[in-house]
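The same subunit A turns up in both complexes below, where it pairs with subunit B and then with subunit C.
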Partner chain A sequence: MKLEIISFGKISEFITGQEIEVSEIDNTDQLQQYLETSFPQLLGMKYKLAVNQNIIQANQQLTENDQVAIMPPFSGG
Partner chain B sequence: MSEKKIKNIFMDGAISPAFIADSIAQHSTKTAIGGHSIFMGQVRRDEINGKFVAAIDYTTYQEVALAKMHEIREAIFEKYPLSCMHVHHSLGKIKAGEICLFVFTSSAHRKPAIDACNELVERIKAELPIWGKEIFEDESHQWKENI
Partner chain C sequence: MDQERYSRQLILKGFGIAAQEKLGNARVLVIGAGGLGCPILQYLAAAGVGKIGMVDDDIVSLSNLHRQILFDTSDVGKPKVQVAAQKLRTMNPDILIQEHRLRLNQHHIFDLLESYDLIIDGTDNFESRYLINDACALLQKPLVFAAVSGFEGQLAIFNVEDKDGVATNYRDLFPIPPKNGEVLNCAENGILGVLPGIIGTMAVAETIKLITGTGKPLINKLLHYNLLNQSQYELNISPAGNYDLPNSKADFLMINYDQTCATASVFEEIDVAQMQRLQTQEAALVIDVREKHEFPILDKEVYLQVPMSEFDAFLQNNIEAQNIVLLCQHGIRSVAAAELLQEKYGNTKKIYSLKGGISKWRNHFLKK
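Moving on, here comes the complex of A and B:
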């Protein structure tokens, strides 16, 4: 499955926007494990995922060409 | 979500005092208003480990931030009897001492304006995907964390 990964804030310093081709991943929990293995800097960091511009609060199914955003804690204002 | 147009709250660079003054002046024709409440966020020259913050560079996930702001705006209008609500947030590099957030609410009487303004500021800081990179005077940086 092909996914588009985008990242923000501190996380954008070590995960750049990219397309990834993954097999045996079909939900966000599995993607999170994959990301933490590929980018160990994520371990111990707080972050949220958004799928196709919707911030998710629980595990969610992924489908081909989904865009997944990785977002560290917000610090606006 | 209503059909109302999603407003863009973002502007490049600092929010100028003249912009704020003009925004206030524009309400003089709205004579049902009896109270305004304004919050302005200013970039603080924090000292961290002996280094001073020279600027904050703001970035956002714009589509998500604007959709979320729209949702917050609707909820606040629902909760408080407001005449007006204006929110502006800077993007890009804002120097210490400059204004980076401007929240402006108006109502017939003071209380809803004050309470809505406070709630808006809290929700903006907690819920909008915006990130501030604190740039020190020696060009090194760290990522801001809201407390």
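Moving on, here comes the complex of A and C:
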């Protein structure tokens, strides 16, 4: 399955916008595990996933060409 | 109302005298008079918002001036709210400017919020942001959230119902505050002066839209802005339902906001390499909190088996080890166990939870 990954803030320093080809990943929980294994820097961070611009609040099925965004919190002012 | 002053927005199609009167009757509190707060205060005052409050306990410093454009070089060393109030009163003498020279805390935040209809968060730290979010959510006060980091900004409106009657708040995005040091602030990370100017003026635009009922405000949306490529990305926020907000003022006062970020670092989520290091170098006690029927069965010499169903009883005993690692199948129950141990031992022991659990690090646990 082909997915488009978009990341923001500090996360975009180690996950650059890209298309990834994944097998055996059907849902956002599996994708999250895949991302945290591929990019261990994510393990110590707070972030939120969104699929096609909708924030994910529970595990959700992924489909071909979904756009997944990884958003960290900002606090600066 | 001085119609000449506001004439250029009064003649706007879809705005007019009714919208201007709504602005004149509005009471807006701006928390933080820094990079975001300065342009926010200036445009609110210029637009004719009737009562503007500002909260900040800081004084002007030289390194503020590249982005905090209400302040001059001659203001260095003076209280921010005092300088800002003076300049805003000169700019628009028809409105009321209220100074609150204090650092926001949970004991006075309710009294402060009471006299305002809308709150704008332009603070620079997570403690304040969660404090403001929770108080506004409890009071159902509309909150305009603005934040910056590096070359990027975020903007959202909380506690305002959309057409389906749904309202969200910051905890629907990020239920748990980041640990201290996890996210860098402007002082550590740097900030291009114009960025809070852009995000701050966008926050005022949203505020004016909300007050006057103009356009489509960012209700239940998070807008991300990137200055480097001039791009915007919008996320739709839905209620998470997986966190606890204080539901009364008494509950609210029980939360230690100073330490919600600090104590979070007492127990830490770690990966399997960190766990191995703790086992070999720190003689860490590793506790498997899965129930006895769960597979794979781990070596009981290495992993102490304390199922969650027996954890309360186990807590009655005293643990000698200084470093304790908790693990389970997916790293969820182990977090709950870590919280229980943290409650008992506080800062006196180092407590860790294996993130992702055995299923994530299957190869490590199954190797002979």
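The rule we apply is simple: the second predicted complex is superposed on the first by the 73 of 77 C-alpha atoms of A that agree within 3 Å, B and C clash if a C-alpha of one lies under 4 Å from a C-alpha of the other, contacts with A are read in each partner's own complex, and residues count from 1 in each chain.
Going forward, contacts are C-beta pairs under 8 Å (C-beta built on N, C-alpha and C of every residue); 3 or more make two chains touch, one makes a residue touch a chain.
From a predicted model like this one, the values you see are computed outputs, not experimental measurements.
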Message: Tell me the contact category for A:Q57 with respect to subunit B and subunit C: first, second, both or neither.
response: second
Field: Which superposed partner A:K10 touches (first subunit B, second subunit C, both, neither)
entry: both
- request: Go through the superposed model and pick first if A:G44 touches only subunit B, second if only subunit C, both, or neither.
  value: second
- request: Examine A:I70 and indicate which partner it touches, taking first as subunit B and second as subunit C; both and neither are also allowed.
  value: neither
- prompt: Which partner does A:L35 contact after superposing on A: first (subunit B), second (subunit C), both, neither?
  reply: neither
Field: Superposed model, subunit A: greater residue contact from subunit B or subunit C
entry: C
Query: Between subunit B and subunit C, which residues of subunit A are contacted by each of them?
result: 8-10, 50, 53-55, 69, 71-77
Field: Of subunit B, residues touching subunit A in the complex
entry: 41, 58-61, 63-64, 67-68, 89, 100-101, 121, 124-133, 143-146
Message: Give the list of subunit A residues in touch with subunit B in this complex.
response: 8-10, 50, 53-55, 69, 71-77
- request: Give every residue of subunit C touching subunit A within the complex, in rising order.
  value: 32, 34-37, 121-126, 129, 146-150, 152-154, 172-174, 176-178, 182-186, 189, 191, 196, 222, 224, 226, 233-242, 269-271, 355-356, 360
Message: Show me the residue ranges of subunit A that touch subunit C in the complex, using the header's touch definition.
response: 6, 8-10, 33, 36-37, 40, 43-46, 48, 50, 53-55, 57, 69, 71-77
